[in-house]
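The structures considered in this document are given below.
You will see subunit A twice below: alongside subunit B first, and alongside subunit C after that.
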Partner chain A sequence: MNGTHDMGAAVPGPAAGAAAAPRRRWTRPAIAGALLWLAGLGVPLVLDQTWVFIAALFAVYAVVALSQDIVLGRAGMFDMGHAVYFGIGAYVTAILNLQFGWPILATWPVAVITATLLGAVLAAPIVRLRGDYLLVATIGFNAIFVLALNNNVGGVTGGGDGLFGVGAPSLFGWGLASQSAMFYLNWLAFAFTLWLIHNLERSHLGRTLHYLKLDQLAAGTLGVNAGRYRVLAFALGAALAGFAGTLFATLMSAVSPGAFVFTESVTLFAIVLVGGQGSIPGVLLGTVLMFVVPQVFRGFAEYRYFVFGIAMMVIMVLRPQGIWPRGKGSAP
Partner chain B sequence: MSEALLRLEQVGMRFSGLQAVDALDFSVQAGQVFGLIGPNGAGKTTVFNLITGVYRPTSGKVWWQGQDITGAAPHRVAAMGIFRTFQTIRLFAGLTVLQNVQAGLHLQTRQQWWQGLLGTPAQRREESAQRAQVGELLERLDLSKVADEDATSLAYGLQRRVELARALVARPKLLILDEPAAGLNDQESLELNRTILAIRDSGVTVLLVEHDMNVVMNVTDRIVCISFGRKIAEGTPAQIRSNAQVIEAYLGKDDDDDALAAAHGVQGAAA
Partner chain C sequence: MDIFLQQTINGLTVGGIYALIALGYTMVYGVLRLINFAHGDLSVLGAYVGLVVLSSGAGGGTTLLVVLAFVAAVVVVGLAGAALEFTAYRPLRKADRLAAVVSALGASLLIENGIMLIWGPQLRVFPQGLLPSGAWEAAGTRIDLLQVLIIGGSALLMALLYLFVHHTRFGTAMRAAAIDQDAARLMGINVNRVITSVFVIGPALGAIGGLFIGLYYRQVYFTMGWTYGLNAFIAAILGGIGNIPGAMLGGVLLGLVNAYAAGFVSSSWQGAITFALLIAILLVRPTGLLGERVAEKV
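And now, the complex of A and B:
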């Protein structure tokens, strides 16, 4: 800091318009991620049906966990009712397919839009609440949602047993009923989600959510309308969760309230905290720990919360930023 | 006289029993460097928070270019062209200097949220143009070398400058500086004087709260002195310097070290 600062033109002029859109450089983590994803495509070729199913399930839960991360890890809102949006997506697909005979693919947009609207509508009155109050409100949403499903609201949810026999999607007359076809579909959806979030990290929206999370007052005095961006983050998280839900319904060919209860929301919440907030690899690692490892060690599945509970305590004490925290370079 | 850029009309703020600001009147004309001074606890920062929408006044009105902006939310106040820095620095922790300053471009950003999600060419162009724009400002403020460093890990004086850059890049009409010289060494505070004058010369009106009398007396065109939330004097630096009430307010019964030091500043500057 030597000499006078040339402040003659302290107020900067408009940005000089660069001619061509700059190309995104592939960062090393992005290349590693893309290679892993490509390797994943080989799962149906080399592994048996059980593994193909586990990989497909991982893809679905990865999408939900990444959507939870938008709300919790990136926008900093303590949403502990995220299973609601996952469930809405799943139930809309199941109901439209089973009760009204819609083809699966036609239910997709309805499932996503319903989840998005619900996310926005539920979020609007609560986004101004302080973290702990917002958390309690979202728990309330989850409780009401499960209650409604169990009570067979409108006579279409199937009550506590849920709905069975959800069909498989078909594309141009070709059914995608096989385990492998289902896997490829989910694996593609997973890639699409990764691409969206990768872009989000490099966008004005991603930066703005991060500013809000770090310091709402400072962001406000720079012109950020906190309410608008928080509702947007909620709607976006709900949209992706709804998308994952519709995939879940077809993968399992059934839906029941048990898959969307409060503890599922807690698990999603914990995945983000334990994995690393706002970190794609962190959230994916958390998903593997919570949803894949129990599938692999089926005999120990009942110890899932025991093992994960201890892991959560150890990690939160020793590594509060998560297993794989968001890197400085990856910050928007 | 033409309509003031900013006008406070009988503005009051009451926090359960404590009248922090009481029937305060003052007008800031465009092109001025306007100083707000007063002993510790006089309510200076509260006044800034009332103007920028952090608090809503319990009485009175705030006018901006003839428009009533009393109690408008911070983001609406920013949209009017009013930007500020904070007494206790509020940079975004863990983000680089460049990312911090880019936040100041929020209201000038054109990309829509969905363009960001899709990574459209226009969106990428804007992001890189913004980074270039911020880079230029950092160059001018001698911050280029630390552009990629964690902003909150920098030395205090540099952090103040980053916060100033973040407000400047937003192209303010009115720039509000809350104790910009706090924690700066003599050399840095001298540079700050030049910077404030250069900002004014570029057409930005400046409103500042400051304890450092060296800064206040040398850069302001007009000063209001408040004590216990009330205006006790208003005038040019020369008038304020010799105002008996101002000197008394600073010495008074308050034996706070800062107040004493500041009072010596008043007298020293007067000598």
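And now, the complex of A and C:
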């Protein structure tokens, strides 16, 4: 937002490419990313239905992974229960659509607001816990959330089977039910998220979170209210995850507790670290590795997680900072 | 009252098992400040190795067979623990702490799915009648021989570990390394050996816990490591992670809470009660029941 006043502007970063003095909005990686995104628009034109679905799913999971990165990679809080916010978004849309007959688009704001509030409410008491203890508390939230879904709280969640037949969104009476329409919707949401994160990186908030992560004490002496900013980071991450959740519910036209269990949170957590904390290309690369590659190798389902486990260990041992870490000089 | 007593016995049995597994989490955390997410799966590996011996019929008498099963589980899992430390954690000791956490999660996936590839994804049933059946009944409460063995066995192992850590030279070295690795190294302690031994002793105890689970519930499945591992991990946190008596207390407490929740509230909410208790304790006493109240290091 106010990139020209950037403290880091004087430091040329490897990620920013050449040693250009003032930081421009359209850095080389940003341009490359925009071109890749535009190329992605061609997916429904050249590839078959399976791939269109995989690309749409990638977009949804990329949004959740980027939202996890806000909390984990940018604000430095070990959130291992992020699937809760993804799940609440999906369930709010499914419940409002199926049990109360709301149109899909009308459920969007409710889903996002519910996820945001839940993120803030759950985070408020625990943000003062130290790293590992916060991690444990978020695992607890995830477990309780899944139990609540399984036990059919309020008689609206459909229990262990979940809910089926979530409708397709329609805009001005124009249904978006086809696979390609769904893809374009998710691809746009993906672009919106990238734009948001790109701006967050350069904003006051992004900078504050970054320095809070680096040194809480120093940030505190400069007048940063650590607790408030951490809750804010959680709320923002939850809002985006909730948004991804509504997209997920529409794309799959079903929700079930199995999609939001602790293992999913672990996968999201791993995506950020395997890819690279606070790095957009890193997180997207992580998403491809953890969500898209498994879709491609469905035939080897049995060996999938076995190989995954080895890959996670090998990548961390060889590149502890992640595959594509954020550039050293690219501090916001 | 009958239900209460019965659930107390059940809770103590399960609690003993949790405590045994929790010790592995807490010992590793104490020395390395690392949550070893693969520990639950290592424990389950112990149950599977034990099952192989039990179904082989080696050794003649059934009691001897059970003893052999425990020995095999302890040896295999102890070695696996050391191998894990060497390959997955040692190279990351100087790296960002989260890198080791992801490596641990990877190791967990590897072991869990390795078990599935070797022994299959289906539930494996333990053979029956391995131990002489015996039970005592009083006041409408029943305790059988296996429960006595589990409670007694875990108590004995915990006592031995406590004595080892607090009354031997090597135990003193372990405690020193837990407090300050650099200072310990200056005092001539081989910290690497301490860490390796922690990764042998912890998983070995976990393997015994895992085999107890198999014998008690008479079945094992490959994803079991998450369920029991998570409970044992909670037990370690409840007691104060890094603190050995804390893990014991946490395990027994968690076992009892689980049993009472199942007996008096509802078993479908059992997990939620466990986690609610955990979060409540974290908020009131972040370092656990027996954890020291340390000032935040800056």
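We take it that the second predicted complex is superposed on the first by the 302 of 332 C-alpha atoms of A that agree within 3 Å, B and C clash if a C-alpha of one lies under 4 Å from a C-alpha of the other, contacts with A are read in each partner's own complex, and residues count from 1 in each chain.
The rule is short, and it goes like this: contacts are C-beta pairs under 8 Å (C-beta built on N, C-alpha and C of every residue); 3 or more make two chains touch, one makes a residue touch a chain.
Keep in mind that what you see is a predicted model, and the values were worked out from it rather than measured.
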{"item": "First (subunit B), second (subunit C), both or neither touched by A:Met313", "value": "second"}
{"item": "Which of subunit B and subunit C A:Gly42 touches, first, second, both or neither", "value": "neither"}
{"item": "First (subunit B), second (subunit C), both or neither touched by A:Gly223", "value": "first"}
{"item": "First, second, both or neither for A:Ser203, with subunit B first and subunit C second", "value": "first"}
{"item": "Overlap of subunit C and subunit B interfaces on subunit A (superposed complexes)", "value": "217"}
{"item": "Residues of subunit C that touch subunit A when the two form their complex", "value": "33, 35, 87-88, 91-92, 95-103, 105-114, 116-117, 226, 230, 233-234, 237, 241, 268-269, 271-272, 275-276, 278-279, 282-283, 286, 296, 298"}
{"item": "Touching residues on subunit A, where the partner in the complex is subunit C", "value": "78, 125-126, 129-133, 135-137, 139-141, 143-144, 147-148, 150-151, 217, 262-263, 266, 269-270, 273-274, 277, 302-303, 305-306, 308-313, 316-317, 320-321"}
{"item": "Residue numbers on subunit A that touch subunit B, as the complex places them", "value": "1-12, 14-18, 20-24, 196, 198-200, 202-208, 210-211, 214-215, 217-226, 232, 236, 328, 331-332"}
{"item": "Touch list for subunit B against partner subunit A, complex", "value": "52-54, 73-75, 77-79, 83-84, 86, 90-96, 99, 102-104, 106-109, 111, 113, 115-119, 121-130, 132-133, 136-137, 140-142, 150, 157-158, 166, 168-172, 188, 191, 194-195, 198-199, 201-204"}
